[in-house]
Amino acid sequence: MSEPAKHKEAPKAPANPNLVERTLRNLSSAWRDAANSAARTIGLPEPLLPPTDRRALKRFMRDCLEARGGEVSARLQAAELGQVYLEADEEGRRRFLEVLAEDFGVDEDRVAKAVVAFSAAKDAETRLEAEQKLRRALVPDRRRLLTKFNALNQGVKFLVDLRADLLPLTRSAPSLKGLDADLKDLLEHWFDFGFLDLRPITWNSPASLLEKLIAYEAVHEIRSWDDLRNRLDSDRRCYALFHPRMPDEPLAFVEVALVVGIAGSVQALLDEDAPLADPAQADTAIFYSISNTQKGLTGISFGEYLIKGAVQRLSAEHPKLKTFATLSPVPGFLRWVEDVEDARLAAIMSEEEQGGLRALAGVDRPAEALRLILAKADWANDETTRQALKGPVIRLAAHYFEQRRGDGQPIDPVARFHLRNGARLERINWMGDRSAKGLKQSAGVMVNYRYDPDSIEANHEAYVKDGEIVVSADVAKQQRAARPPEGSLFSLRAGRRQKAEKG
Amino acid sequence: MSEPAKHKEAPKAPANPNLVERTLRNLSSAWRDAANSAARTIGLPEPLLPPTDRRALKRFMRDCLEARGGEVSARLQAAELGQVYLEADEEGRRRFLEVLAEDFGVDEDRVAKAVVAFSAAKDAETRLEAEQKLRRALVPDRRRLLTKFNALNQGVKFLVDLRADLLPLTRSAPSLKGLDADLKDLLEHWFDFGFLDLRPITWNSPASLLEKLIAYEAVHEIRSWDDLRNRLDSDRRCYALFHPRMPDEPLAFVEVALVVGIAGSVQALLDEDAPLADPAQADTAIFYSISNTQKGLTGISFGEYLIKGAVQRLSAEHPKLKTFATLSPVPGFLRWVEDVEDARLAAIMSEEEQGGLRALAGVDRPAEALRLILAKADWANDETTRQALKGPVIRLAAHYFEQRRGDGQPIDPVARFHLRNGARLERINWMGDRSAKGLKQSAGVMVNYRYDPDSIEANHEAYVKDGEIVVSADVAKQQRAARPPEGSLFSLRAGRRQKAEKG
Amino acid sequence: MSEPAKHKEAPKAPANPNLVERTLRNLSSAWRDAANSAARTIGLPEPLLPPTDRRALKRFMRDCLEARGGEVSARLQAAELGQVYLEADEEGRRRFLEVLAEDFGVDEDRVAKAVVAFSAAKDAETRLEAEQKLRRALVPDRRRLLTKFNALNQGVKFLVDLRADLLPLTRSAPSLKGLDADLKDLLEHWFDFGFLDLRPITWNSPASLLEKLIAYEAVHEIRSWDDLRNRLDSDRRCYALFHPRMPDEPLAFVEVALVVGIAGSVQALLDEDAPLADPAQADTAIFYSISNTQKGLTGISFGEYLIKGAVQRLSAEHPKLKTFATLSPVPGFLRWVEDVEDARLAAIMSEEEQGGLRALAGVDRPAEALRLILAKADWANDETTRQALKGPVIRLAAHYFEQRRGDGQPIDPVARFHLRNGARLERINWMGDRSAKGLKQSAGVMVNYRYDPDSIEANHEAYVKDGEIVVSADVAKQQRAARPPEGSLFSLRAGRRQKAEKG
Amino acid sequence: MSEPAKHKEAPKAPANPNLVERTLRNLSSAWRDAANSAARTIGLPEPLLPPTDRRALKRFMRDCLEARGGEVSARLQAAELGQVYLEADEEGRRRFLEVLAEDFGVDEDRVAKAVVAFSAAKDAETRLEAEQKLRRALVPDRRRLLTKFNALNQGVKFLVDLRADLLPLTRSAPSLKGLDADLKDLLEHWFDFGFLDLRPITWNSPASLLEKLIAYEAVHEIRSWDDLRNRLDSDRRCYALFHPRMPDEPLAFVEVALVVGIAGSVQALLDEDAPLADPAQADTAIFYSISNTQKGLTGISFGEYLIKGAVQRLSAEHPKLKTFATLSPVPGFLRWVEDVEDARLAAIMSEEEQGGLRALAGVDRPAEALRLILAKADWANDETTRQALKGPVIRLAAHYFEQRRGDGQPIDPVARFHLRNGARLERINWMGDRSAKGLKQSAGVMVNYRYDPDSIEANHEAYVKDGEIVVSADVAKQQRAARPPEGSLFSLRAGRRQKAEKG
């Protein structure tokens, strides 16, 4: 299982291009209806013509902000404003965002005055008042304007998608960064996990929801409805997070297999022809895929809550489950191998292993041999090659998980996510993912991160406070075996923890 | 119908004292279960002993804030912290709130530094960053701590009730005001009406919900389940607002009667023996009671959304409805009459009227006569007295609605609420409320505020921007009749609007 | 708990007379709508004028039976026919029923022919065909006609209520008996318990459903909504049976208290001020009231399924529950005491007991004393009297349960019901029901019937096949003590079972 | 749209063979659980060993029938009996059915006696009693035994599937016919349409339900989930009938397209790339596929109720819809053409048409030419051929609908179904179904039957009472054109109705 999938890559484009279109179609028509109904019943001001330039757009937004006709009407004017955005082309949308960013920021004069008053305040009560005034002065108008969309049917989804449009633009347009910061902060409050619902997803769920899983799955592609049904069969579980105002849109979801013993191969789990396991006999829950779905929520984290919430549900419903672990990719492994010095690579192999690889590759230097073999697309189909690679690669992987970035955290992004959550690196699996992608990024290696209730807190504290990377005894042994005789870069503690040299 | 009832008086103590107890019982037990389950499954740190002094309490809160064991665990530690509060006595709760207020405010140094940096920032990008840093520095720890309760079952209700405890204390303890401001701001965001659900309440609703209507009704007491059923019969409607995290707690509700023509007497509406009207024939919806229910949400307004939301629903379901109006009390009327000069009172009556009142009261001066008669508990039972009072009292009431406070707004609080929403004062009803309360506060007078889709926006704008009090032609005529011959205090505009002298 | 309450007494008139009216109102209007909608969309024949005499009524029914316009139209014609019935007065309804009974019976000629053919049939195949023909010939037209009501909204309820009207008429009008037999048979098939839903009822159930419990409770009157809430509190359970086509009408319901040890006093259970028990600690479920609700389903039994279904639910949800028992009235006890010979009464008392009663009553003969004391309304308030009565009355009650009717079954109707279900008579409770009704019918005595999973089958078989009345060891001892020295009327078996002398 | 598809052909084998397996798996496990739970809680007798021979099987059934341990236990014994059946092989199942058929029929002696008593009865009351006794005697034990399955989870589905097993066996085993008659009669009562629910099916329905549509669709195969989604898009509707005890199993379903004007081509409707229509603009609902799903309900009709129920729903929700019509196949058309004399075929064509066909086929006789061309698989791809065939084939089809069976009803089965329902033959569509199946059975011809509210009743009466085949003016004209000059076989009435020469 990966860290909640990166948004740069995922969610991949929906398998069915109509999904997005259909969503948009529904949104537009819902808002048109809302506006019409409102106009009839609660006195909405007459719809303005769609503004064609910045000036008109600005006035339109200002009107909405000032709530002509009362606050309820203001929310309905937001529906019209939203339609302006939805129906605009790329250029129009960009203009819309720029007006919002540039003309609806904080009132600098007001802030300046509040700063002065704050600095001058002496006694507690005056200070408190000044503090609050300053706080309020720092709330930009655009934030209040964005809030007005939440009352609309699918208004929250609108803002999430608006941020998905906004994000790529911020790179080239610094003026949009402030807007993004406000929007992200707003969404972060709204999507605080206290307001989210964790719901199971099953084969009895609506097809309209299930097709979204197919579209959004970011780790192990769902190839067909049969594939999906297999992932929702009686020995599987799937949980997703939902926001009450986006009840049909999963925010993130995790796929779980109920098995006996920790699973090491994702292909075995995804095999549609494999016999059904009896969930009543399972002692282990394997979290083999976790995906975020909304580009517009980039930077807002759901993974910890999703995993731990799923663990709680599973524990309550299946008291026999004792082990909770992921089956996760190792996305940066082979990229890192590229950078390892040849001597270091060679040092990790026994003489026999070196000989084997040299023979297979037909070259002289063991590191070169290793690289050559791994570069072949089909090496995994050859039993001899697999045997020759297994030892060195697993030791390399063990070593890889000891590597740290400048800030002292592990270089593997998935490791960072799970270790911070309090999991430990439990096992390194040879031939865990034989797909082309799996072979390419990690020579087929997958790992398990284990969420052990008895040590989650201690692991989390050790990781956050002391920078320790907690691993199982097995992995610790593999790490020791991977270390060159002359000494280690890291001090070892009793086969369990490794203290990081921070930053 | 009143402005959403003031919290000072309402919600009155639940008819059944067990309602609150039962709610509390459920909450405690739910949290105990959550904590136990969490300890078993996701590694909650061992529960600490309940802190007995400020120091321990502070450490306890600090731990929760720093999220030992990860963010999910932190939320569950909040459950324990909440139990500390729930099980504390009055003194203990006060201590809890003080620690929160005094030890978890903003970091003044950090704010000071941010202010300096902000003042120094020159270019746009630096300024944006400094602005965000300042904003973040101004978020006190207690606010982040309070947020952690939202993930708990009924955690939002906990915070609402905590604020209900806090509010009366802020008067004597200024240090608590900052806490209240933070909490109110938090709740204001969470209870933004975009996140609320408007749901009809019927006789098919759960009894556990309906008993809350009985407990919370703040305007016209619900005397029994039979009374309640009458208010939910087929010619009535009731709508309430709910928050997704408090699904069993109505936040505010409105009671509506579907009738032919505008209703002027609340006793007629509440008469359980009155024949059922055919809702299909109704052309008018009378909003005859609107109540807020949560003391802890004081200052957060639901009334406008509730009324306009109900109007939208009613319009959609009953296209024949053409008129939407309230039947509202006039709470400050007789109090104001007390302050009116005798000469002014007399001037409002014809000679004949003066004679009638003098005869009835057996005193010489008409103003004194009026006051003496209104002071009797049973005057309304005598037809002659009623006839004698009717003219003068209605004219007085018309005049009353022209009176303004220092800020230019009407002195009647209910009028302020509905006028701001865009309603107009439609009709003054003699003998609208013959209950003891109704006679005492307004000589039985009730009024209708009318929500007319075609003029809501204009009315709202006129009120907010120009301070106009919009009244119907009838009321305008009564107001003219109440004006002394020598000239009016207010300029009249075509029998429709009166421009306020601001300030 | 009683046998499902007799319909002669129950359901008592609804506390709120409007309940029935409201139901009727809904029904009529629903059918009018259905007919109108049908006329518009699927070609219903034009509504006939309401038939004013037998002839017209007969033709109307015949048309409906012959399904003009197809079967769907026929069902909608039934709505009109139903309205004719609903809007008729008492005389009109009687006529309606008579036409149905007399003009839509079996075709006697057709039956006669089928009988002849059946008697003549020789080989298997011919015989099978003749059998089927005979069976079909025996289905009267009225039965097919009645069936057509089931497609209507509330059509099943209509037939149930029609039978409630019909039942009292059958006594004086033999011609209606055949109609009742057909209708009962039809309802018996429809209300076969395989088609019923057992649903819990809680304080969260709709008020419109709960008010029906108040109206229908037949054993221990529900005095108020507070009383009802107490019966649905967290240490109580309530289950009801529903038919899918009458989802808002409970057919029968049982009230259960979760307690520690077998409960002996119904007043203790109904005490609203008693502290709440912790259901998690309970080891015993006491079924203290079971009521049937539909007069029109008289003779169709729901009790066994309701009790056993509730036992299954309770077992699944509360694994700690070990004992399932009723707390039941003894309706015929004092009536039977009236008939017991004085000598027999005296023989049941010790000399000391006789002396005590004589002194209290101030008469000489002990049997007369007993009768005099029990006839007083307030004897139960006097401690001395209670002490004097306790021994003799309990022994009498024990003896009472040994008495049998001509068919060998116990004379107590409640005992017959529970023993047939496989329960045993577990305990006789002194002062079990101190209400006026309880004192009058059974001197306050109540009993527990215990449903013990391990012996239900054996008890049932013993009762049904051998006529044994299974009692606990305690009751057996009390029965022995009640027996005159010279010998018993019944042979005893090991303190557990008594063989009945049949017929 | 076809008559509810014949069971001989449909439901075709599920696309996914696992659907049936999964259903069976669920059923077995549910019953095992029920039996276990019952054994624990309500005293189920110990499970017997699975009976291995007729004798043991008979005893097992007899025990269940006699309800050892009470009626509730009897129902649970049925679960065990059901498991015996489910786990048996083909031979075992046949034996099971034979025992049921042969050993649990009516008690012939009892029937004989009842017949005698019935024949002897003179007065009304005795007669009524005798009638009832005879009726009861004619209820075979197997019928009572089968009823006991209804209380089981999925017990009704079990009986439906049991009948699906039974039906093919009845052909060779006459002794099973009585059992089938009983079972059918039982199911007919249970599945009376008054007890069924008509529910819309949408893309928001559970995937587990939607996959059943794919499996069961009997008219126009659903090729994929994309095809299905297209059939459930916003311009489509789908309705299905459900039994309350089989809530996840549609009994029959109809697919509807909302269009402008009557649709004539099924390929156009099923085209996934066709643009979405706006349902708000539609004036016509086309019922283009109706399928029955349960083999075990063969002979029980759902079609009329399904279509008319759907018409009612559609009318209520889309008041703009004015026309309701099917798009139906003509299954027997080309089979009938085979039997038509060559001279008759030739007579239907103009000389020019004859010439065209002769040229295309390269033969001399026009009838032979027609037959040769229609026998080619790809004729529909050639524009010239299509033009040459169009006139003769449509006239032939018009003539075909005038043909009757011995009983006077039309030879086309789909026509019989819709005409009986009160529809009329509205239009004959050239190239209505270009699929291989459509070309083969009807040369691509499809027809519309129209359900016109204003004439449904008259049409139904005309068809049922007078044997008239109601057609539109257009079709009547085509029929006249198809008639040989020397006179018609049928008398025509005003271009609208044709009176059948009965049997």
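In this document, chain identifiers A, B, C and D correspond to the written order of the chains, with residue numbering beginning at 1 in each.
The working rule: contacts are C-beta pairs under 8 Å (C-beta built on N, C-alpha and C of every residue); 3 or more make two chains touch, one makes a residue touch a chain.
Please read all numbers here as calculations on a predicted model, not as lab measurements.
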Averaging over Cα atoms per chain, report the distance between subunit A and subunit D in Å. 50
With chain centres taken as the means of their Cα atoms, state the distance from subunit C to subunit D in Å. 42
What whole-number Å value describes the gap between the mean CA coordinates of subunit B and subunit D? 61
Where in subunit A do residues touch at least two different other chains? none
Viewed as a graph of touching chains, is the assembly arranged as a line, ring, star, complete set, or other? ring
Touching pairs here come out as A-B, A-D, B-C, C-D
Over in the complex, which subunit D residues touch subunit C? Could you list them? 37-38, 40-45, 68-73, 75, 106, 111, 115, 118-119, 124-125, 128, 131-132, 134-135, 138, 147-152, 155-156, 174-175, 177-178, 181, 189, 192-195, 244-245, 304-305, 308-309, 311-312, 315-316, 420-422, 451-457, 460-461
Subunit A contact footprint on subunit D (complex, rising order): 16, 203-211, 225-226, 229
